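Chain IDs A, B, C and D follow the sequence of writing; residue 1 opens each chain.
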Amino acid sequence: MYNIALLGAGRIGQVHAANIAAHPLSRLSIVVDPQEGIARQLAEAYGASVRSLEDALSSSDIDAIVIASATSTHADLIERGIRAGKAVFCEKPVDLSISRVNATLEAIKGQENRLFVAFNRRFDPAVAELKRRLDAGVIGDLELVTVVSKDPGALPIDYIKVSGGMFRDMTIHDFDMARFILGEEPVRVTALASTLTDPAIKAEGDIDTASVTLQTASGKIAVITNSRRASFGYDQRVEAHGSLGTLRTENVPKTMLVQEREDGVTREKPLFFFLERYAESYAEEWKEFVRVLKGEVAPAPSGEDGRKALLLAEAAYQSLETGRTIAL
Amino acid sequence: MYNIALLGAGRIGQVHAANIAAHPLSRLSIVVDPQEGIARQLAEAYGASVRSLEDALSSSDIDAIVIASATSTHADLIERGIRAGKAVFCEKPVDLSISRVNATLEAIKGQENRLFVAFNRRFDPAVAELKRRLDAGVIGDLELVTVVSKDPGALPIDYIKVSGGMFRDMTIHDFDMARFILGEEPVRVTALASTLTDPAIKAEGDIDTASVTLQTASGKIAVITNSRRASFGYDQRVEAHGSLGTLRTENVPKTMLVQEREDGVTREKPLFFFLERYAESYAEEWKEFVRVLKGEVAPAPSGEDGRKALLLAEAAYQSLETGRTIAL
Amino acid sequence: MYNIALLGAGRIGQVHAANIAAHPLSRLSIVVDPQEGIARQLAEAYGASVRSLEDALSSSDIDAIVIASATSTHADLIERGIRAGKAVFCEKPVDLSISRVNATLEAIKGQENRLFVAFNRRFDPAVAELKRRLDAGVIGDLELVTVVSKDPGALPIDYIKVSGGMFRDMTIHDFDMARFILGEEPVRVTALASTLTDPAIKAEGDIDTASVTLQTASGKIAVITNSRRASFGYDQRVEAHGSLGTLRTENVPKTMLVQEREDGVTREKPLFFFLERYAESYAEEWKEFVRVLKGEVAPAPSGEDGRKALLLAEAAYQSLETGRTIAL
Amino acid sequence: MYNIALLGAGRIGQVHAANIAAHPLSRLSIVVDPQEGIARQLAEAYGASVRSLEDALSSSDIDAIVIASATSTHADLIERGIRAGKAVFCEKPVDLSISRVNATLEAIKGQENRLFVAFNRRFDPAVAELKRRLDAGVIGDLELVTVVSKDPGALPIDYIKVSGGMFRDMTIHDFDMARFILGEEPVRVTALASTLTDPAIKAEGDIDTASVTLQTASGKIAVITNSRRASFGYDQRVEAHGSLGTLRTENVPKTMLVQEREDGVTREKPLFFFLERYAESYAEEWKEFVRVLKGEVAPAPSGEDGRKALLLAEAAYQSLETGRTIAL
């Protein structure tokens, strides 16, 4: 049984808490959160105790920490957790600054095997099955990857302000997805982007509509298409095209109900909210982390995966600024 | 907080235990099962205690019992539970014998509001939404209901032997579904049936392939089609046809993955096993039972719903035997 | 090159004329129709001439007649055509009266191989492919057939009056389809029916909503579900369930356009009108008839197929009247 | 009735011949083709005569010419046709060289309204309906366009050699589609491309796998994804994403047959060959050209549309060569 300290009792922390508790080999022992009320409520629901960060890190019976606090705290907490001998499950991203990410990875050198960076979408059952079949040769040699990723609707502008920009905040998932499916490192990046959904986003200097194209040394191409607003739900589709065919994931409708009337044949919309859409992914990624704790597998995605996704975001911004295809 | 005693710690009992524990207003307090090992294991997982049936019924802090034991015990346990002042959540069916069902309903007369008979499929999110739209007039006046219900594969012959026959064991769900969607009582029943999937079923005098048609006094028609073996998964579809259109539920695929190759465009199969296919239904039906406990709603399905579904099964058998349309 | 005389230049006659003209081995030579205007218009479009029935039958260079005139004329025209040495392509039905059908088949005894009865749905590309795969063993042993057949909307009451009743006019197609898919003769028939869509239909003593169930000697079951009004389009689906799986045809949407908005994911409705929905079937059935003319295949559907479908309609009516399962 | 001279009696010429003949307002009068055999066969089938190009152009009763000959002849034939006072329906492209296209458009200055350039995909019923709804505001303001276009399989290398390269030969359709849907001119183009499907294509210096991204002055983005080999059929999908939702076209399956077995739920593959997939588009584009002949509408796509699509191809090549986003 692995004892877990959860750092951050907000929305995503609550998701992880439930998965920690539901897993037969892990137990939520400690909840750390400056907001005492929500910390206490979460701790009580799972028989955990509310403690300080220092207590959590120095407690000898804690096996791992889960970092679900604000993005700006991630890098520091990773370093402190690893230094304290804990395994670390960190919500994406490691940091919004590539130099800070580099510094953190440098700081934990030799201990990379204790850091798991939680890009949840790799664990979506459809994506995981796509990857299994791809690796098994079901569609032959991979040639083209397409990632469509659109948020259901405009995020609050206060979120946008601290998000690091769309490529670092949202497209980062798609960069990880592209790398995961490609199985090769992109060496060229080109991007075009606009701000179309909300003048407030424009006022922040951010973008909301974009396409980024990646190419690997062997010539495989990945195309990412983004919007901050799909309006009908969370539009999340991945497509792998190979010499023998295609594997692709469709959106997940709320139910399989169909309505047929004079006004059309209407199905239910895709699940709207990311916590609902990726509920299974969060549970599966926790299972994977427990496998890491057991020493059965190396952490994947790793800190290096986190760094490489951020490098692609940096390159995409550079392409926008210079009007050039960026070589990596 | 409602304290629950669970009678029966087998497969379906475990499903109910998880839902009881997950609901913020209910707690699994007591597990009763003659097989001490599985009772203890289940009780421990949820902080409950293993007790005798007598203890459970006489314990003043138990609000409700959940009957998840063998079918032959249901009627007796309903009567004892009601007599002990408990609310009763009973797995379908009340009993396989209509006279026993009648006796039980007679015995609890005046207390019907404390008995909930768990026909889980009404609580499938797609079916529930279909019913909501139907009641809201989305497809106008209802005219035709179609229920396709096929088990994924042959059940063990030892199960078949004690099942009461396909109409009482399996089609009973479809009779309840037809009544639920129709919103009117059938007054005519005609059936044709065969035994095609397994000679062992034939040897037991049971059927495995059938169609039953129902008609209400106002002329609405419901058609049920059954097989004990769909081979590709659990084939569970409902269709309501009205004056303005149709509402229908499609099977639930394992994931939304699509594979396109020279050998065809292939999607994933429907979920195979009923516990997996109807996981959400079981959770939703427990929520409904908690509403019953809170006095917010009358129990539906009720004991009377259990009785009426069984009467339709009896009528279907009578139709097979006499070659007649049976009037109810 | 086969020279064809078309008897009847109405809606369905025009469909056949186009297919006759488009086939490299057939030519529309003569058009016969008491309404001279439409006969002339059709003849001119294809370089044919307008002639009397007598001329058509006595003309030595006419190889075959196509009967596309009013139902009441079919039986007589079949007999005259065969007597005149022509091959006969007859729109369904042979006649609405079973005794008249028997008399006609008696009259052409020994020449059955020259009569093709045009049940067009067998030639629908999806149905034809379903049948090919079924015969190739793709789903193992056939056990259950489901035919859903709903007209898009109410026919004019003047049509209903002379239609012979829904089972003889509309369900007759489904009886043929069931026999075609079953590959065995039904020996039991049971039916329930209502009149729900239009009081005018009720006033005519006709039905508009029904389910008919058939069973063969080996136990295969076929279920037909009908309505005179689907409102959203022509609802035409066939399903064959066997020991290894299922083959089923879905409705044909107008285009493959999908619209995703807050009000749902909406696809286009099924094709509405039978001439549009079955355009390919009509072309394919003409190709089949040319194969009959070339002596490559025996006519299928044959006159006997026409008779057997009508017998099933008669049995369905008898079941309604007697409240019994009818043995054939 | 418009009399038409068809220049080129090959595969695509035969498609146009059938549509010309089927239209009530047009007649195939003359067929011109150096290969006398196929010219004669086609002419006979439709009651036309085989004549020389000079005869066709000087014949006063010819209203329009259809250019379906080799690409290298298009520009010259357009100029001669217009000079002879004919309306011109020209298969795409006008020419593979932008300077030649410019020269031709210069040569016919003032007569642009007589030249129709046949980009057939605009006339696909699903695409046309998408455009109608987009223009009607069904998805609000357009933001993103996605065009997936993959040939079913490798073309003969002899074709590749004279094709002008993938962007000019195949992507040209997608450039036209993107412009058609965008309703605005792209002002920026970036591209990445590879050669992955066939070493013979590489040996020719051509590409077979690519992504091209376009951006308009208002910020709308269009993403084109291409491959020369989809293996499972002709992969042709268009998606328009706007402020209120999405309109997208799915591939067209051969039939609506579904097979459900233990090995998956399998539907039929997309139509494989472009003549089959776009049969309706060719018929619709002919109807549009007849509207042009009647003076009801201006030709669209026009010669200028042909030129602008080619300019986008040129820009895409330039982006590949320079590693820059190209400004137009």
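To be clear about the criterion, a contact is a pair of C-beta atoms (placed from the backbone, for glycine too) under 8 Å apart; a residue touches a chain by one contact, two chains touch by 3 or more.
What you are looking at is a predicted structure, and each value in this text was computed from that prediction instead of being measured.
Between chain B and chain D, the least number of touching-chain steps is 1. Between B-C and the choices A-D, B-D or A-B, the pair with more than half the same contact pairs by residue number is A-D. Distance between chain C and chain D, defined via averaged C-alpha coordinates, is recorded as 39 Å.
Chain A and chain C, compared by their mean Cα positions, are separated by 57 Å.
Multi-chain contact residues, meaning those touching two or more other chains, occur in chain C at positions 230-232, 235, 244-246, 259-262, 268. Contact residues of chain A toward chain C in the complex are 230-233, 235, 253, 259-270.
Across the complex, chain C meets chain B through its residues 141, 143-144, 146, 148, 150, 188, 190-197, 209-211, 213-215, 219-221, 223, 225, 227, 229-232, 235, 241, 243-246, 319, 323-325, 327. On the side of chain B, the complex with chain A involves touching residues 125-126, 129-130, 133, 138-139, 244-252, 254-262, 268.
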